[in-house]
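Remarks on the structure that follows.
All chains are identified by letter, namely A, B, C and D, in their written order; residue positions are counted from 1 within each chain.
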Amino acid sequence: MEKRFKGVFAPLTTPFINGQIAADKLRDNIEKFNRTGLAGYIIMGSTGEAPFVDDEEAELLVREATRAASPEKIVIAGTGRDSAEWTIKLTNRLAEAGAQAALIKPPYYYKSRMNYEALKAYYSEVADRVKIPVIMYNIPQNTQIWLPLELVIELAKHQNIIGLKESGGSLAYLSEVVSKVSADFHYFTGSASILYSALDMGACGAILALANVAPELCVKLYELFAAGKKEEAKELQYKLIPLNRALTETYGIAAVKYALDRRGYYGGPGRSPLLPLESKAQIEINNYLTELNLLK
Amino acid sequence: MEKRFKGVFAPLTTPFINGQIAADKLRDNIEKFNRTGLAGYIIMGSTGEAPFVDDEEAELLVREATRAASPEKIVIAGTGRDSAEWTIKLTNRLAEAGAQAALIKPPYYYKSRMNYEALKAYYSEVADRVKIPVIMYNIPQNTQIWLPLELVIELAKHQNIIGLKESGGSLAYLSEVVSKVSADFHYFTGSASILYSALDMGACGAILALANVAPELCVKLYELFAAGKKEEAKELQYKLIPLNRALTETYGIAAVKYALDRRGYYGGPGRSPLLPLESKAQIEINNYLTELNLLK
Amino acid sequence: MEKRFKGVFAPLTTPFINGQIAADKLRDNIEKFNRTGLAGYIIMGSTGEAPFVDDEEAELLVREATRAASPEKIVIAGTGRDSAEWTIKLTNRLAEAGAQAALIKPPYYYKSRMNYEALKAYYSEVADRVKIPVIMYNIPQNTQIWLPLELVIELAKHQNIIGLKESGGSLAYLSEVVSKVSADFHYFTGSASILYSALDMGACGAILALANVAPELCVKLYELFAAGKKEEAKELQYKLIPLNRALTETYGIAAVKYALDRRGYYGGPGRSPLLPLESKAQIEINNYLTELNLLK
Amino acid sequence: MEKRFKGVFAPLTTPFINGQIAADKLRDNIEKFNRTGLAGYIIMGSTGEAPFVDDEEAELLVREATRAASPEKIVIAGTGRDSAEWTIKLTNRLAEAGAQAALIKPPYYYKSRMNYEALKAYYSEVADRVKIPVIMYNIPQNTQIWLPLELVIELAKHQNIIGLKESGGSLAYLSEVVSKVSADFHYFTGSASILYSALDMGACGAILALANVAPELCVKLYELFAAGKKEEAKELQYKLIPLNRALTETYGIAAVKYALDRRGYYGGPGRSPLLPLESKAQIEINNYLTELNLLK
């Protein structure tokens, strides 16, 4: 069975001006991204400051993104709130607004209760009651929860759960999951630093913060791999790691937004409590962008 | 300067029927609690499944609670969302609905960015822009963030930040904070298991999950202490710990709700992803309630 | 039944010169400590850099300490290595050298295996096979292991396990343990910042890094409490917290050793990988010592 | 410059009978392993219960292993104790006993002090003063310390630090390290579940608990890769993961020893506090061994 989605997706940043959503900036960015080889966009991902954005704002973002995206680009929405009830409500609202699939992280506030059975019940109920396909989302650095491998394999059988985004960066986990789920399950890596090997071991695609800043290079790596040019893909892989680590581990969203500004997209400030990028970090990001020939 | 609030507060559970808020059950519970010596109620606290409840539902809860509470009972709302913008919006909405103060936990999704400066900027902005006084909320077991002691002391100078609820259970932290803030700062312990010593070292009150299930005993301990009957207060303290540990550490909200049902209040189910209390745990809770003479 | 040990103990630092043990400096320090009201000394505790010291060196330390200690001072040795076999061997060797009891932390390298049953088997076997009484040691900040409360209560029944040192600083845990063990069980707090309340809730004594630096003040607090002068004890408690936090949380052993030097004891350097105290921290420690009138 | 070591190494288990080292069983095992394609043996690794074994026993183990190993097999010793002084002493003792290189984990008891500078000073001093080459060892699951990438790159310049064993399983870290160190630096992965990709990205070899239990398959994967048969190597990779995860994550050393017994080597019991493998886990391990045709 054919996978519906593949390739490199960008989890878009959410543009703010004076703390409010700047929908025009989102459209502008998307129009530029439409000219790249990106497979689509995630709205309300972790890079999109999803927990900072309320439901009404989320609807606005998805509506605008859906309009701005060219027809071949997939629009996926992050819809995970902390309860099944709220997640279902938001998912269906964003489906109405145009989202083609929902990326759903586990509830994590009461993490001492989030055992296998609780997570299974949660994802099952959500998947049963939402109108669009569900992609599970493992992001332990933010949630302190690792979706158990056996749980992912079990939930992969649910007809409305079509995949997983894994941002913990574990290639062992990837390899075991892909070898145990059916061929139409979508495994997206969330780690640009292991993209080459993730594809090699069976990921169908990737959802990468780096794809905001360097969409052409992420797509190039994907295409080199798909064309069987593994050594070239690997060479590019090494080059992407330092920038990716700075963006995702060392500095976070403020660095992604700064780099977007430098590259001619709109980055702008994050919402409080995120602070602007300090000047020392700006210099470091600039150096990485320069090394990759990403600045004109 | 006199403290505005003191005594024992209950962070009320949120009643659900079929996954939806049962406002009548909330009113019934509050009418019963009105007859106890509780100083007031927290709506949308951690025990209230706050992250599971959206803003519209939160408004309903606060509105109903404000109406049902007898005039001398204080109503405080948990209003912390993940961004300053959202928290401010929700706080002011719940202030309109009747909340007299706001209990605000730190944003915690991007916890690697939540350094001293980010938390300081967050709480300062929120406190500047909301219409009711702010009580900071330290609950590291859920957020993985400890509000730095120096930060609490610094923010205590903000004229709209009136206190702290501390649920990490650290008596050392309590002792150092109360010795360094002005006399009108409200330090509430969130740990019923250290209530006696917390009062002894300078807490003005407590916000206790246990106060849902055993309000009369929590109030009694407080009153014994206030009356200088320290040995009696201490004896009661020892007796409360096993039930409190079961409710807050071992089993969580499902156990609080089960115990409420057993005591003649409405407990009911939690929202998914919280699972119902297993029968073995029910027996344990029953035993503790019996030992404390809390069942008729 | 009477407790064998009570009062304030100092976990002595281990003096080094050029990376080697300076036995004369240990003797000098102990001779000075003999003139204080300390109940005794721990050799090879966490403050004593126990994991840095091999078995032969440990024997030397205990032998020297036993000789230098005045007759009424108790000498306890930290003897926990990572396996039962090794811990038993070292315990009996240090018993021969003069140690009157053994303070034993849980093995912690394979911490994912250190469940209830493994820890129970470990402590039981050790207690069965050593010639001196065993004091369990909870120090989660270093071991990442909390000894389960039920385990401590169960092991307290072993005739050769006479107590617990608890350095996690939990007053709730203390209160529940002391209410459930027999009267001859020794509960020592390891947290000078909660000493007053720990005594109030039932600790029989304390083992305090701070007692190296400020033995007279730690002993004074203990004696004020024992004499029923609770308000005076409490006032002293508040004053000790900032220095204690700096010594134990913020800076560690290097700060304890620096403060010892300032006070006329021998502190000296720690062993590598511990680094010397930076000058900014030295100033902070000096200020705390001055505020407490501990410098001449 | 040519690397000195490459290929697959087994970190041997330490055989015990009645809690004492069974040197003859170690020799028997090594004689069997000599007939495989393993590149060599690690004595006193994490799989070898190193923290359970004292220095005298360690010397015995290395001496016996060196004698039993056939001439082409490399013998490396785990020599990391908690201080530089002790580690140096043990390293030189084990070098005398025949160890050709030392595998050294970071000190981890005082982990809040183990910052960049402390770790740098530690490894530098150790490497300066020991007589055999040093291989750093990253094993955060046991030490809670990640050796910072920049530190590894900096220490890689020390003439007596020749490599790193990385057991955290991060392919991103591997890729960035190998791209930034000189060609003669040895990067060993400690994760059999990512062996194929680790080799692909630049590891020169591996040190694998699984290589005790399935040396022929680990070596086969390595050789397939070296021969350019990447697809076959990858197929084998997928097959090894479930057994490896059971041995290293789910069950640990008790499972490795059980599997050794099943395969005709000597496994035997671990030292206390390690418990024997429960029967349910035995069945699971047996199934994995059967699936891989490792039982006769």
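Following the convention adopted for this analysis, contacts are C-beta pairs under 8 Å (C-beta built on N, C-alpha and C of every residue); 3 or more make two chains touch, one makes a residue touch a chain.
All figures in this text were calculated on a predicted structure; none of them were measured in a lab.
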Query raised in the report: From chain A, which chain is the farthest off, judged by mean CA positions?
Result: C
Query raised in the report: Over half of the interface residue numbers used by both chain B and chain C, so same, or under half, so different?
Result: same
Query raised in the report: chain C to chain D: how many Å between their CA centres?
Result: 35
Query raised in the report: Cα centroid separation between chain A and chain C, in whole Å?
Result: 49
Query raised in the report: In chain A, what residues contact two or more other chains?
Result: none
Requested in this report: Chain touch graph shape: choose line, ring, star, complete or other and state it.
Outcome: ring
Query raised in the report: For each chain, which other chains does it touch, given as pairs?
Result: A-B, A-D, B-C, C-D
Report task. Would you pull the chain A residues touching chain B in the complex into a rising list? Result -> 19-20, 46, 49, 51-55, 81-86, 89, 106-107, 109-114, 117-119, 121-122, 125, 141-144, 252-254, 271-275
Query raised in the report: Touching chain D in the complex: which residues of chain A?
Result: 169-172, 175-176, 179, 191, 193-194, 197, 200-201, 234, 237-238, 241-242, 245
